[in-house]
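What follows is subunit A paired twice: with subunit B in the first complex and subunit C in the second.
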Partner chain A sequence: MLLLIAPLLAALPPGDDDWTIQAATVHTVSGAPIENGFVRVQGGKIAAVGKGGGGATLECAAVTPGLIDLALGIDTGPLSVEQSSETAARLSASDGLDLFSYRWERALRSGITTALAQPADYDVIGGLGLVLKTGGAPTLAARLVKPEACLRGAIGAQPSNGNAIPRFQEPQTFYFRRPTTRMGVEWVFRKAFHDTLQGQGEDDPATAADHAVLRRVLAGELPLVVQAKATQDVRTAIYLKEEFGIPRLVLDHAIEAWREPELLKRSGVAVILPPFTADGRHADGFVNDSYFLPLDAARKLHEWGVPFALSAHEGAGAGARLADQAAAAQRGGLPLAAALEAVTLTPARLLGVEARVGSLEAGKDADLVLWNGPPLQPTSRIIGVLLQGRLVLDPRSK
Partner chain B sequence: MKRLLAPALLLAALLAAPLPAQQGGRLVIEAGRIVTQAGPDIENGRIVIDGGRITAVGKAEEVEKPWDATVIGGKAFVAFPGFVEAHTSQGMDRANENIDVAPFLDIRDSIDPVAYFFEDCLRQGITTINVQQGANCVVGGRGMVVRPIGMTVEEMAMRPLFGLKLSTRPKGGKSRATQMQALRFAFEDLRLYLEGLVEKERDDAGYAKREALFQGRDLEAEAAQGRAMGGTAWKVDGLELVPRGALDERYAPLLELLEGRYTAFVHCGDPLDVVHALEVVRAQGILARTVLVIEQDCWKAADRIAEAGVPVILEGALLDVQRDPITGEEVETFVPKVLQEKGIRFALSSEDPNTRAPAYQAALAIAHGMERTAALDAVTRVPAEILGLGDEVGSLERGKLGNVLLCSGDPLSVTTWVEHVVIEGRLVYERAKDVRNKHLLEGVQPLGTAPPTSAEAGEDPEHEHEKADEDAGAEKDAGDEQKGKDEDKEKEDGGR
Partner chain C sequence: MSLALFVLAFAPGEPVAPREGVLQIQAAEIWTAGGERIQDGLLRIEDGRVRSVSTGKQSDPALPLVRHPGVVTAGLIGLRSQAGVGGELQEDTRSVLAEARAVHAFDPAHPDVARALAAGITALELAPAPGNVVGGLACVVKTSGGRVLTSEASLALSLTSAALGRSTGPSFFVFGAAEVPGEAQAQPDGGPEWSERTPRGNREPTSYAGALALLRRSFAEGQGPFARAKRGDLAVTIEAWDRHEVLRAVELARELGLAGAVRGAPLAGDPAVVQALKESKLGVIVGPYSAGQTRASLESVKTLAAAGVPVAFALGDPARSPEALRLSAARALRAGAPPAAVWKALTEDAAKLAGVGASLGTLAAGREADFVLWSGDPLDLQSRVVAVYVDGQRAWPAPGH
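After this line comes the complex of A and B, so read on.
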């Protein structure tokens, strides 16, 4: 009698958000992959991960942690750019976030469960970024993982783009922004940190607030995420790091970071790579040039011991998603384990949210991606997504 | 020497590696596994190519190795038939003509043998390519099936004057109504023209013949081409009175289309374009020789395509993502699956450079639940059949052309590379010698543009010389060159 009842009980899901996922391979990321393993989910958290199992409520070929994209770009329309000042460290992207955009769901469907939202790159120092879940109730409170996760900055041509003074007009008016050159961008950066160290201009409350944030960056409490596309931008960012002693620097969109192995190793920066393109070229609309990203850039960074994350920049179509970036990186010679880490645990660590997300360990958020084959391969597809234990893409629907 | 121009040299370096087997010579390809696409895979197999065609495929111990044949490959390789690109408008100097109805054009005149596209085809293992005019037309020119090798279009040509492009997707500046009107009128105009010719011949018997004799044309040869109209949907009575050579060449290709000489490749951008396309080809009696070139949205017309029984080439994305304008909900449809479920014969092809590789497209189809064989067929056998080359390419079988890829592993694995490409028994690509692939993979800086390492600096005067030459020629390298100089400068300044 007991023998009969036991499997029946096991087959019944104990609660709406309680699952036992059984997979041919469980990629925990924090440890070695488990063959024929299970992940038990209770109350939105991972209750247990292990070998064997039974009473599966969901089955798939492979399960990985939910993917994390540090350059999702959903929030960063031109309207998230503050025009009154180039240094806006005190502002937070949270105030400009559209949580109702259909693009969150698109990201979620492609396996991205956690993302970094930051101000756009037209300010030299754009403001604070926050880490949040890509789904759930459309309130900040419900989705927030970390409210002040990083400070966003940009080096290169973008912050000065469009700031040139039109001919035959008075240059000294409120309506024209500074800086107008790449040198000017660098100067604004340096001045902000210099003034912070000197405590200059802090009778203005806005400046004081900016400096308070910059001090947290200098103390290593906040990582500085800087857009640095070309080789010279990468160099400038690293020189700034070394000049002011910025402990945690992350180079975002670092197309040509691979050209500077010695600088990367010496300075201890982390890198966020942009999506790979068919011909390696990344056209830059702001200057008349294009930058080159070889297919093995991720492998190089991996071999040099530089922490790096891959990003999709909101690529939505087949071949352009975050999982596809991880596949492309493998084509360039990156091992699967490292590719998986670059879209899960590394980005979590860079922003200090690894206690909650990034790997399959008991106690972490139950953000899971279910695959119909080996993960991060073009022959496999994401068939299921769990976000904090809630099934948002059902693997049983097809 | 005049022909040794810079692009030619680059391609020559890539392609004209010493050929182990010239046309007519014998080549033996050995592989740890042969995926024939015509039956089960062969472990430890051997392929013999003689005179450009496969003379034997089988297990190594069962296939005799000719004593004088060159042998390539080995156990580490997987042999696979060359991919067939079902339809593309790349590799040309401008793919579109601004004349609405231009069937008299021949893309032979615009194919660029040294286009990067063809080189890239080899890299991806595409050995047969159907090049057709771009879709921005009403009636386009005649296309051509080529192999991606050769310095001249003649060397590349497999099937010259193959296919004629039509489009029901509105050409730039046209509405759907004017597009359809223009397309229907193209055929109506042909009919009026032919009737005019016959009427003139009847009014003035022998005029066309006298004219032909005056022009010194070969009337017997023209008669051998047939005179009467061979179309099935409509005919112009009395066309046999007019010698073929008297037809204006602006009209002749359209008449030949109706007579079944060309496959019609009809481009459809939207589901309703499919409906229009089928209506036109039915009205003109060319349904049996029609192939629809569809974009992803056209899966909504799958029932109509299935009912018409025409094959399709999916040129758009494989995954159709549609957002409901009212509910905001996004729905993803994997188009090949829909086509397969409706029993439509389809080939995959893509104009998106990021997803263009046939191996990638087949992999994607597998990810979405298609069977491996069916997915691979859609980039080999099926396009070959659609192009009427089913007996020539698309699988590794005795009698077919010796188009073979040697891959470093399973052709669908993301870490696999095409190592060797053999076209008609000639080894035409070796990855080890592909400098551009090395650049794409590793970011190697082009010769003369890399910053000198400390060991190299100042000891190679010839190197400097080359650098100056490249400055004058290669514009696109100017950026890298500049960067190199910047770095030099910084080194002198001792960094920062």
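After this line comes the complex of A and C, so read on.
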């Protein structure tokens, strides 16, 4: 069958989704930038990357890989996480996605082509996260990159918010047995891993299923991505990593990770930084906490050799764009190459999807961002986006 | 069935003794089934069932005859009705209550039921409300005579936010980010996104993932209605509003081998949703349509019908006039749905999606003799109900009036 079709294909003119993009600079991320280079796209994949080239169908000042956001936060809010138990490792965010949300399209047009979807942070252990494309038909089958990419947890004040002790009434609802403090949250985390190692309570199929997921985390098959905003939460997460030997820990929304250089270097954790603010202050009115994120936090992580990704938390509705975060990090002293890596290849590696996305190499998905100037600069604009070879933002349209 | 038709058709010489419960209706037009319209037709009723529908004027002079210059059709069916049940369809103490039966809330003497009858509705489906993941069993009842056609018509499931994170009752202290009594979403198009209005109550499940896990467990372990639904003996109705909820419902039905309908789904006309529904064993119960319904929502009947997906209209709220059923149909027509599809949605497909397609919804030999005499085309809002017959008896206007 294939043999029959092959000559036909060869005779056909280039497909609608076949492009040759010529750029003053091709930022491959995996290798050195190529001046006056090209990227050839065929059948949704990158066919070739090189110098020179001809017969360009699209032209631009710079081309980079599609951006990747590990904290995009497009979810169905409280409906994305099962709160009747404080740990729900067995449940997946894939069951609670809204792929019809207009926010995916908005993210895609801002250059984000791949994202991590996770349960919202109302549980201590919320469930499994998945990597998907931000565009395409609104079905999981069409967008899925990796179904079980990480386990999501939260350390700090947020997972205990809304829980209470039964002071004036009978302890009738599940909110009464959930943790109400940072101590309680840490205890739930430790108990989950302790019970897993001991095989406790596995007569209950739900607990057994939770433990099976936690074992994959302990074996290093699944990264554990935990929210850890404040210094004490960063410490707690790292203590847990060291106590239980969790191989792959990623601290998400780690506003104050920069305060703990020795712990970060010693433990080998990775970090996802939230958006920068104008004055560095981050307030969490929700739980009455405040934090500080200096503009040079990314530069520091880079110098310490801590793998880190930048994020825009688009779902939070702040309107922050991932490209702007990379620009802000450069203002804090981060070199361009490192800023680019923090929004492409590093997040891909942290979730184990670097074979498909994260850099411009032949054979990878043709997810590209086209710029009208040097990429990730406040003075540059994204003029084109390709998702798996499909032009979703056309640089030729004015 | 075909054998019975054969026998009836080829036994013309058989003398039929005049009996009680025998009736002939001669009408300018009889709408039978599948869009067929018989001009100058004769409908013969015996013992509460349709005995035959034929053309011509060979009425039997020995039998009672009603001459009607207008149109005769099967009675309308009002799905998801709340007529006369007074808010008794939501059992909040349990998320899963497969054996709860809506029939126990049915008051046959309630004026809502009589109003439905006068509007040409001969059967109502009363179904557990969408506040529970598994609400229980819907029933189908007649609007005259108080007869319960079946108390186990379909199993009501819900995958909407209305069933997630509900409270078991009013709480003195309100915990959680945004606790709101879990009312069904009021957004006419399912709403673009979740909002602060999303309930965060204290009853399991609080999430889509939790609801799916609960349903999978219920169907895996469950006896009774769960086992029957999986075997295909019992239809399901899955409440799903937002487009992603509909896709989740379709996927669940495929996984568990369930057939029936999705209820709600104002944007079921979205191409991705239509495609998924087309490949499923589910129809869609839409409406009731209000005057403020968006065009995209109104056009879904047209789109679904074109894709061959069965559609029916919900009646909903008892405060709404039962005429809302024909109004919903008129709005779908105005948005471009073909009249044949809209008529099927009011009768044949409604019966099918309610799990009573073998008894109601068409005028064919052997079906229940529930029919309406209209002054003209029933899809024309200017046409009036002249008379309504239920189980072969004139029910409206009541005999003697």
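The working rule: the second predicted complex is superposed on the first by the 368 of 398 C-alpha atoms of A that agree within 3 Å, B and C clash if a C-alpha of one lies under 4 Å from a C-alpha of the other, contacts with A are read in each partner's own complex, and residues count from 1 in each chain.
Going forward, a contact is a pair of C-beta atoms (placed from the backbone, for glycine too) under 8 Å apart; a residue touches a chain by one contact, two chains touch by 3 or more.
All figures in this text were calculated on a predicted structure; none of them were measured in a lab.
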item	value
Subunit C versus subunit B on the shared subunit A, clash or fit after superposition	fit
Touched partner set for A:42, first subunit B, second subunit C, both or neither	neither
Contacts of A:232 with subunit B and subunit C, given as first, second, both or neither	first
First, second, both or neither for A:180, with subunit B first and subunit C second	neither
Touching partner for A:97 - first (subunit B), second (subunit C), both, neither	second
First (subunit B), second (subunit C), both or neither touched by A:279	first
Following superposition on chain A: angle at subunit A, subunit B versus subunit C, Cα, nearest 10°	100
First, second, both or neither for A:30, with subunit B first and subunit C second	neither
Minimum Cα separation, subunit C to subunit B, after superposition on A (Å)	8
Subunit C-contacting residues of subunit A that also contact subunit B	102
List of subunit A residues in touch with subunit C within their complex	76-84, 88, 90-93, 95-103, 119, 127, 137-139, 161-164, 168-169, 172-175, 206, 286
Subunit B-facing residues of subunit A, complex	102, 105-106, 109, 231-232, 239, 258-259, 277-280, 289-290, 292-297, 316-320, 327-328, 330-333, 372-373, 377-381, 398
Contact footprint of subunit A on subunit C as seen in their complex	161, 164-165, 168, 171-173, 175-177, 192-194, 198, 200, 202-210, 212-213, 242-244, 247-248, 270, 272, 276
Contact footprint of subunit A on subunit B as seen in their complex	317-319, 321, 323, 328-330, 332, 352-356, 360, 363-364, 366-369, 412-415, 439-443, 479-480, 483, 486, 496
